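Common to both upcoming complexes is chain A, partnered first by chain B, then by chain C.
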Partner chain A sequence: MKRTFAKIAVVGAVAGGLAVAAPGGAAQAAGGPTDQDILKDAETPGDILTYGMGTQGQRHSTLKAVNPDTVKKLAPVWAFSFGGEKQRGQESQPIVHDGTIYVTGSYSRLFAIDARTGDKKWQYDARLPEGIMPCCDVVNRGAAIRGDKIYFGTLDARLVALNKDTGKVVWNKKVADYQAGYSMTAAPLIVDGKIITGNSGGEFGVVGAVEARDAESGELIWSRPTVEGNMGTLNGKESTMTGVKNATWTGDLWQTGGGATWLGGTYDPETKSLFFGTGNPAPWNSHLRPGDNLYTSSTLAINPDNGEIKWHFQTTPHDGWDFDGVNEFISFDLKKEGKVIKAGAKADRNGFFFVIDRTNGKLLNATPFVTETSWAKGFDLNTGKPIYNEDKRPPNPVDGGGASAGQGKPIFAAPSFLGGKNWMPMAYSPDTELFYVPANEWGMDIWNEAITYKKGAAYLGAGFTIKPLFEDYIGALRAIDPKTGKIVWEYKNPAPLWGGVLTTAGNLVFTGTPEGYLKAFDAKTGAELWKFNTGSGIVGCPVTWEMDGEQYVSVVSGWGGAVPLWGGEVAKKVKDINQGGMLWTFKLPKT
Partner chain B sequence: MWDDMRAVILGGGDVVFDQRVRVTAPANAEDALNVPVMVDASGLDAEDEVEEIVVFADMNPIPRILNYRPAGAKPLIGFRLKLQQATPIRAAARTRDGVWHVGGVFVDAAGGGCTSPALAHSDPQWERHLGEVQARAWAPAADGGVRVRFRVRHPMDTGLAPGIPAFYLESLAVRDGDARDLGQIDLFEPVSENPVFTLEVSPSAGSRSLCLTGRDNNGTPVLADIPLSWRQSALP
Partner chain C sequence: MSAQAINGGMLKRLFLAVGLTVTSALPGFAASLDTVTERGVLRFAVYRDFPPFSHRVGGSLEGADVDLAKAIAGKMGLGVEFMELTADENMDDDLRNAVWKGSILGGGVADVMMHVPVNRDFAQRNDLVVIFGAYQRETFAVARDPSRISETAGFPVFQTEKVGVELDTVPDFFLSGAFGGRLRENIVHYGTVDQAADGLRAGEVAAVFAPLSQLEGALGPDKAKFPIGRMAAPNLNPSEWKIGMAVKQDGHDLAYRVGAVVTELLDGGTVKAIYDRHGLTHSAPAE
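Moving on, here comes the complex of A and B:
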């Protein structure tokens, strides 16, 4: 018998190659949340259908049963372990629908859990290739739900749709090449039947993009690169170029310009705009890329129908500090001098709290929310540009002065590259009209180095050491009045804050700490009212919802993220925190 | 043990032990990662059509191995499986009247087949070859069946090796040139790495090739054309 097989076909992981996926089109599947339900998520406390607890991302609940009078009795109902050996970096926000909690774990895992009992319904573990390149830990920030499907991104830069009841994969689309440094850590956003995602890989010279796919079929509808000179697509054809080629970039650097949209985005139904933050330009060494480097370190307002950019606001032009600009842009009504302005706010890595007119991108106010912003004196409200302290830009290595040949002179700058605020989302309360910002007080020694682009290799051209600014604390939860930029109250935490914030109509603010505590504060005064130790550091986003007439609070616990990996002297302060992976759920005892 | 297997794997339904369901495997598994098995229920087929064949190993940590529905094929399937310890390997063929006809053999094994990592993972680039297919079909024998054999590159991770989640092909299907279903296979974790299957199919007279489709539990698609070379003349 002839044992050799003729090699006749080699078909690998072809995207969309098979008819096994669900039928195409934007048909709404029965039995799950509709597009309307998703848009109204912030008004329906019985479920949590979106990352941000509403597409605007305010992370505010109308529930009041848990309040300053009752919160002291808040007690755990159940806890669910993510199991296995993969206990680290749980940055997820749970999704809650119809008695089921959907929560993602580190290493691209998704769990469906009975919200009443904590029993596991199903679990999906993506089989990741060995060569994944997550810059800043193996995290995932959450899932998205629509119809009968639940979606999440994986560390090998894929978007996966699963049946929400069985956990079976419906489709799995390659979004980008993980071997070039791409990955996907943000929660997807769903608007009008489209699933909209950003990408990750900011330290590898990738080009950032926002992409919209048909939520049913997973087929690409449009893509919008974030770096000028790159071409967008719409319905399989080239659409328009992002910006004007070489307007703010020299040579061909725009081809590896960074601007990763690694934190995903928010959506404002009133102005029909997507808001996506864009990451740092690549490489870090700013002397290699003269110009403003649009649209890196910016917020982009994008038309969800076709991916066209409506406006942009660049928070750090010609970023030389990895200040990035991905931080979430939260839509809110700014009530000022008798008027209501459709505004949005962003607490940037660069240490400034921006209030922007969300209809046109005009800067309304920019104030520091950390004690030191050495790189800029402030912002010119007429031009929207920073007033730089030029001596605080890391010098050109060509001028020498560094510790060794090829290194530039080191300088001390604040905030550090991990930011006045990093990925962890703030919250806005329409009741108190305050933003609650999880800030960190740290600076860095930073110096530039020579670098050339190589596919799949880190593309930094800088060295750095992070240093705390104060002996007694790094983290600071701050309540900020968007009308004035004034800090109304603050809570100081010894370790850096790395978890999201939740606020409720019950006059409470919740956030977690690396020390392991989920804490509740009075939203008006900042008084600490309650805390519970979850056993590992909290770097996830707390949520609250109502079920069977009772108010529940859930948060994931599991230390990790960028701080222990990149934190320099700060990492020493958190080295004794144990890792974990647990979803905790709380409620008030029945009276 | 058998009572449990019968309840869990076969559910209700009448069950008879039937020597016409022939399971061929080595008495001793030299390589617990690759135990060759041939299931042939064609002795039954003459009197009553076989709708589905279910293969399982009583003592395996994951007893289910595969289901095969030979809609346009002989009730015959050859493959390789992983064994964790000595166990009966059984095949149950369900005929149209709903009766399960069970045959089997006992295979001795040193063990460890299900809890070892796939050999593929010694290559950090394994993912580049995922889902690749090698296949060949042979011209019909006297009784008219087309023998086809295919291999799909896949680690078939059982989820029992430390730190590696279950990652396996869960479905494969063969269609003829008229898109008619010839055979469908549901695979489970114990099927060997880079699964190889031998089937005997009856494509339509006009078929110039077979189409193999499938996917794994992560949604990775498999797609390949298997030419019926003797039907493809030099010039169309």
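Moving on, here comes the complex of A and C:
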């Protein structure tokens, strides 16, 4: 309320041509969001300052004007085209501050748009070098804002800080070497003046890391490798080793062990913990790297002050299916048997929905959120370990049994390596106390094989064919009760879901579909209440905010991401979807 | 085959009708022999930063693949152009970026891609390209420090001596599984063969196990200090493979012509001369 008043005062001052700014309000407008504003983002519906609509990543808004009674009237106010001939996947979540929307587009672009009119204020196109090779489309997932700067990562693995009002570059730092295959697609996270990022790409022979930089200068403060045996740094000096060298890795493989943190992380101010998921271990063939391979395919809780690991939970020990463990870990209060437990939840690529005590990393529950999790029978809640189905691990090519010499025996495993849920973030509603998970039902024929080629030379590889599990749908938006792991309702979608989810206190759940629809559901029952076709597939994250006393909803539209890159039977469901690149904004008509 | 010929003919007529400027502006259209001949230039895709085959030396592009491409174009009376290609995670992706579709980041496609393995399974799963024109037979070899490893030693020596490999390669896989995993602790993984060769020079490892031509390229004059030879490896799979070229699937006529030129260059000793010049052993691919 105070914030809204301050903004009106500023607008009045500018309109009147007054040089004297309103006290407090002017400082806020000129300086932009503070660290405190960022930490309280989830409580202030007038802006969206963080990826995840709050550092905990719940993607929940307290706004209620749009609700099951009114949503049928929700209509577009304006739409903004990203323009150019470059379209492809738009996986971004908009940031909204002081009447401006900041949204990233494919090919490392950032747009500042007038939230009231859809007019472009400025546009920044990163100059991408020749020879970058992003793994999975040319996406970007969003920006971060603090003070007078807006930040985002680029496909050539740079972190760029721009003046939020002019789009002029303040600093531009190389985070990793794009020539080694690194890129940056995740939205940065800002905590207490530090900008915190993971690394992406470089699946071959690199080690994942979480890094914190000074948000003002871009200088590195600490770095934390994700694979045991590697040394962290703090203030330019070596700090501590990650884990214990060779505890769960043989030989020197820890030096090239994988564990990329390509999806970024969340932050919980209550326990002062960063939560970052880590990618799959390298090399691909699990028979070459005996052991659990810590801390790949895990969630890490990290101290934001110094980069020390507080605890870890490994969702897929000794990952042999390319499940990864990068999925977002969302903090929430688990109300169970009269107690409130500081918990967190993660819907993993491996098909299990994990509820974990976020103060110590102890597993509280793990239940499947997809119909088939063939690789494991379940999890032992005492040890926190999966109970594997060993016959569902892709066999060693040395043992033969495949279609040609050097090929391992193929097995069918579910979920496929694209995951029970991929990158697209789920949402939590403290009102319904349910999580809303964008899931996909697919498995894969998979085999290890000796013969694939890189630069004309024979390498190890894996062969796979992704197969939908059902004729009529792949995607399924599922409401999950974290107390029991039970699925309360589901919405089935023909094409795989690839966009994020939004919940509101208005008892609504929003998500987009590759078929192009932004849809609204009743958060309690799952009844579909509204839809709007945006003209291309939606693989971005919807947001909602309040401006001039009205509730707005925005989402980017533009089909792409990893799904269209894989052929097979899945391609049939998506082959007719056209590309795009638009930011759509909706509100209720004035009565 | 006949259906493709008809399509090729129709495409050619279409190109003539709309003019060459339009066809060259269309990314994803690999040129047929006629359009290449009219254009007067043959465009080759070669790997970026890939010594001794294609790499920059003081700004100019050099290497065995580059020289062979120049020889092919010269023999056809055409000019030559190069598109440098960053290697993706596997060559199926590289074929897409180089000849049949182009990178999503722009830059178009090349007429011919160099350094493509000629292998039936690989060709079958890449049916949008034609793979042809094998010009080299590649094998694996061991470069060793003679003060630590004798000429007659076999792989069991790596129970006590360290051996360098490029991560995830066939040698890596072979050594990791050999002798019940007993060599595993002595395998040192490097990102590239060049880095492994540096490790050998620095004494970090007593040997490097890698493709022969890459070892020769990486060691250069140091081959004298670190002899390169074979070790008996009965279960190494594959133990050899052929290297050739690729064009887009509708470029059969171009493939036939370039393939014929490569055969001439092989028979006339030009390919061997190029390999010799770069300090590489040329092994003619068996028919």
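Definition applied: the second predicted complex is superposed on the first by the 547 of 591 C-alpha atoms of A that agree within 3 Å, B and C clash if a C-alpha of one lies under 4 Å from a C-alpha of the other, contacts with A are read in each partner's own complex, and residues count from 1 in each chain.
The working rule: contacts are C-beta pairs under 8 Å (C-beta built on N, C-alpha and C of every residue); 3 or more make two chains touch, one makes a residue touch a chain.
This structure is a prediction, so every number in the text was calculated from the model and none was measured.
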Quick one: chain B or chain C, who's touching more of chain A? C
Touch test for A:Val340: chain B only (first), chain C only (second), both, or neither? neither
Just chain B (first), just chain C (second), both, or neither: which does A:Asp252 touch? second
Touching A:Asn172, do we find chain B (first), chain C (second), both, or neither? first
On the A-aligned overlay, A:Ala126 touches which partner chain: chain B = first, chain C = second, or both, or neither? first
Just checking: does A:Val160 make contact with chain B only, chain C only, both, or neither of them? Give me first, second, both or neither. first
On chain A, positions contacted by chain B and by chain C: 130-131
Counting only contacts in the complex, chain A reaches chain C at residues 88, 107, 128, 130-133, 135, 137-138, 179-180, 203-205, 250-253, 255-256, 282-285, 287-288, 290, 396-398, 404-406, 450-461
What residues of chain A sit close enough to touch chain B in their complex? 5-14, 17-21, 84-86, 109, 125-127, 129-131, 156, 160, 168-172
Chain B residues touching chain A in their complex are 121, 124-136, 149-151, 155, 157, 159, 162-167, 171, 213, 215, 217-227
Given the complex with chain A, which residues does chain C contribute to the contact? 47-50, 53, 84, 86-92, 94, 104-105, 107, 115-117, 119, 121-122, 138, 167-170, 172-173, 176-177, 181, 184-189, 191, 211, 214, 235, 237-238, 241, 243
